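Labels run A, B, C and D following the written order; every chain starts at residue 1.
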């Protein structure tokens, strides 16, 4: 990683490069040591059921993965490959922006564990989970 | 559920109602007893890394969830709520349509387990996983 | 559940009835609202590798499950069936007693999520995880 | 790994070295390319509930882990560290020997995925799951 300090602005720049991230309307709210907070901007295409209007679990899964992944950025200086992930769904996520908070559980050499929570605009926990990430430095 | 037989066409109709499903370009290829096969149509917004061009893990997670969920459709006649899900990532999914195959592992009264695999257009396994689904009949 | 308050002593009595719990030498250290702390007493049979002497992951998995499960006891008044569970292994657990701390993530009607951490005698985190539990009241 | 062929007898020898494996009464029934079948011998200490007499989920978790882990033995020539594991519980496991079948899902360089099923003496599926294993060769 470069010597450039890892600020929310820097992480926002890296994240915004990804078309999927743009589609999710990601805004990096906070970057701390071993933790990150990211907002996703609601869009109509997230809806799974046109009557009940709740958000598809795949969107929530993506946010759990994203927040857990970028929780390592203060260490890695970049996004890292996901090895596996688990998501628990706690309640229906109705239309509205979502906030995902990621936190490192255990940083290791080769692989590391982080967890994340996703909240709706009222602050209710809609999903949470954890994943294992490949945090070995990239080969020179 | 209605007496209408659960055909691929019927499942396609139900799935297509969901805006997220439309965005994923889902095509129901096969519906069998306790199994389903669904194709998703690649789109540029799936890309996470504009240089390496691979698909975001959230898309693969959504497909694992979708295929495992709809594997119950021959029993439930509808999509069911996901309780939790696990995804393992096996290799980078490069641009191209994806095929997700779901299969029931254990059908129960209240909750049931299914698994799914996601393949790229060359037939390589890019992700797999399993989830627990809430399969109790809806309250009258 | 009875009107008897759920104290650590009461939970210890319930837990001690189980032969597997006796074999694990479980001691209930703390019972709080939505949280529990349980100690397991090391025994030679936990060892998986006679040279390196570390504890088998199945023991750690059992402790994650136990602590997450009994975290509900202030609500349920009893142990509840596990639907599924995930365990992440963080470092080798060397011979010595282990402490498992469980905490409710989301209490629901039919099923609920809890998480747990397992610490070695030096206080290092050796494993953590989460599970879904069937918390519906038993049928009359 | 040595040049010695990986037979069920050879795997039995390796497994039997572990005190926890001895306690589980493990018998290696079959070793094939990317697959293994192991029997565990029931013991009273497995019981969690003295009235209902079913086996503790921690035992089933240990068997899922063991079978998934040793499914790699035709490649690795040894047991490998578990990174994480998921177990789904399908029905109560009543007293009796259990059979665990493991199968490689995806073999990788650094880490690999395998799945396992646990059957009771009547052949009913009592638990299943999958895990990620650290399959990099040991450092010289």
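Quick note on the criterion: a contact is a pair of C-beta atoms (placed from the backbone, for glycine too) under 8 Å apart; a residue touches a chain by one contact, two chains touch by 3 or more.
Since the model is a prediction, treat every value here as computed from it, not as a measurement.
Averaging C-alpha coordinates per chain and comparing to chain D, the farthest chain turns out to be A. Comparing chain pairs A-D and B-D, the larger number of C-beta contacts belongs to B-D.
Copies chain B and chain C of the same chain sequence form an interface built mainly from equivalent positions, shared numbers / all numbers used being over half. Averaged Cα coordinates give chain A a centre that lies 22 Å from the centre of chain B. Work out the mean CA point of chain A and of chain D, and you get 33 Å between them.
One finds 29 Å separating the Cα centroids of chain B and chain D. Counting partners per residue, chain A has 83-84, 86, 88, 113, 132 as the residues that reach two or more other chains. By the touch criterion given at the top, residues 17-23, 44-50, 55-59, 61-63, 65-66, 79, 81-89, 129 of chain B touch chain A in their complex.
Across the complex, chain A is touched by residues 86, 88, 90-91, 105-106, 108, 113, 125, 128, 130, 132 of chain C. Chain D meets chain A in the complex at residues 83-84, 86, 110-111, 113, 132, 134, 136.
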